[in-house]
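Read from first to last, the chains carry the letters A, B, C and D; within each, the first residue is number 1.
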């Protein structure tokens, strides 16, 4: 049993699949995110894969300050991801709304809506920082028991 | 067609002003549809329409047209926050008018104005001073 | 049987949230409706509550891909309002920055378009080339995205190492002419995907007010850099590539040729750049009462700013008309009667930027 | 065929014990070579294994019971069909087979694609359905040349037994038929330029969009087994000699399959995705053309002799 647990934890460390979600940001973080896939940073060597469906994902990477238009989609997509899952806030926007703070069209920051596990600051953060953030998320993922449902509901209220 | 001819054609008594590399014509009672038809006929391109608040509850609307690299700006005022729509003359105006409706609740007569940047259930006019979101105050910065 | 396929708001082919509702008869598109509300952040609303210097940082964040040209156009409008003359050297540095940004933007677009066609290898080639440009922009401005180079009356940083620019631009031009252009124009599978698809006629482009490469692929010749020059463009010589077929392939060709032309402009600007100050004088400039407009040719087409001031340090009204705002509605015309498999490609072919569109 | 042999074929070689690691190896090889050709480093060799373990350890998302039976069952059926198909392959010279095993093999090879179509419809997502429709259309287009080639092979060997076909003399018919089967591989494996049914940029992951956790792991495994079975089929049918020793056959078979994987990856890396009509046109024109020539040559062997 312990061996299996160890194996699973090892597998989670080595195969994080990301789903990328732009909640109305300026694209800056999103391009840097794409740049991570490209030859210079090539995150696939660490087993990181960008997937197209939230049902396949382990890590939710959120960019943008969560606008009114994207909030519902954000919640749906979070619910669609199977446990265990980790949320990474990429850039300043999901952390603080950055320059958009105070706008009536913004619902964020992200931690009002979802439990955020890792913050990656920067406007936009460099690819190195993004990878570092994902590495932190992976460490959480590897040791994580499925999250208590009540906590999530508490945050949503 | 030069600027003076355009002015005479529109029946405006005002004069063209050159400010910051662009021509401006202020006509409070501009016939918007006539202007649009004229500008389309002479091969001009509608760049955009700008709306801004004026204190009396009306809105100042500027039609920006590009005529062979020159920028012509027709300034006019709304009447009871309404202007005729020029979407049927220049289809570019479709999204532009919808956006202005979302921002200021300015009505463009003669067309439907589905929301562009707001959700369907939101009331239009988020840029108006006294606008409040349901449950969230929007009047402060 | 007709059915509705929602593409988005989150979709692997889109960097940003956008909803394209496609009504299909089999796999043939009957109608399309676009929803762009997802990126609405109220930038214009915020700009009316920030002072001019904060507003520069704000308008840079309208779009992360063409951020520099946003700040430049905003500053141009303010300089027009205040009647400032910007020093020559600053004008040249602005030109170089804008063209480098155009190169990164087009490289990004080429990569995304290749990805949408399922050609991952070409995506990697484009991004590897783009990385060199990012390095260059980082050495000039200290940042990979959102350069913060523009301020009212000039630029914030001098061009310390022009040789680095020259070397990178030469290398990029080589990649574009030797790899990207042959790959995009000669590969059989790409040709099969792009030719004759997503057509827009010149008349439609005029009526719907399309701008930039999208319009130039349909035979319009308008380019703000030539028709109403800003920065140092009136002292530079360059061609504006125009295609007449109006399909996806034409838009690909126009953008690729524009990249070569951008390299040419940067090299010319490096040859001609005069020594001198990079800033007009005081950092905090008083903006008088009045209104002004400014236009610039952003990577996606004509960018328009309207600023009105009441003499305080906070603008009265800032209006931003981005190129994608007028290009996006034309997507509907291009998609009618197209194949479902072509919808993402047609959408990508105009290089849409939703964060610009709804701001 | 004795029971021991059946179990050995099913569970050890070329079945479960051999096929599953090989499937992972092939999935890795495909990803690694693609990455290297794109100037990247690519994933380490244990990647597909850890992906599998991680997905197996994911919690299931609750669904209505009827759906969940389908969604659990289909990937499992797909995996078992892949294993069964593999067990039938005449890899070594001492395998005997039975009359009609060719028909069974063809049927088993079709099961994963069929499951995928069903899964697409069962998942009740619009993208799954579009993917399933595309998969169904494609399976019609590639199966015609594929089956014609198989018929040509069987006719020229005058047997429905795989061993007989593998032992039949090399010639024009066999070369053409194997070439046709090779031509069908990219579309059967859903790789570029025929990755139409799982085109990520258009319809997410096609039929697999709604699957998560263990079910997705099973799909991945089934996909890997398809790689093993299909490349194995080509090698078995294309190879005209056997070394005589069990180890020699095994080595040649495995290494040739891996070479085939690399060749397919090179093709996939150098192309863009075609549209379904273009893919269909390709198979109707070239696939059908080749396989028909093979069939005619097989039915009238005199023509071949005449040409020579």
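Here is the rule we go by: a contact is a pair of C-beta atoms (placed from the backbone, for glycine too) under 8 Å apart; a residue touches a chain by one contact, two chains touch by 3 or more.
Model, not experiment: these values are computed from the prediction.
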item	value
A-C or C-D - the one linked by more C-beta pairs in contact	A-C
Where chain C and chain D are represented by their mean Cα positions, the distance between them in whole Å	45
Where chain A and chain C are represented by their mean Cα positions, the distance between them in whole Å	28
Between chain D and chain B, distance of the C-alpha-averaged centres to the nearest whole Å	62
Separation of chain A from chain D, taking each centre as the mean of its C-alpha atoms, in whole Å	35
Shared-contact residues (touching 2 or more other chains) in chain A	38-39, 52, 68-69, 102, 104-105
Numbers and ranges of chain B residues touching at least 2 other chains	117-119, 126, 141
Of all residues in chain C, the ones touching two or more other chains	11-12, 37, 40, 42, 45-46, 49, 124, 128
Touch-based graph of the chains, sorted into line, ring, star, complete or other	other
Residues of chain D that touch chain C when the two form their complex	34, 37-40, 126-127, 130, 192-193, 195-196, 199-202, 204, 269-278
Interface residues, chain B side, partner chain A - complex	117-119, 122, 126, 131, 133, 136, 138, 140-141
Complex contacts: residues of chain A adjacent to chain B	68-69, 102, 104-105
In the complex, chain C residues that touch chain B	36-37, 40, 42, 44-46, 49-50, 77, 80-81, 206-209, 222, 226-228, 290-295, 302, 304, 306, 308, 316-317, 319, 321, 325-326, 328-329, 358-359
Residue numbers on chain A that touch chain C, as the complex places them	21-32, 34-35, 37-40, 52, 54, 65, 67-70, 73, 77, 98-100, 102-106, 123-124, 126
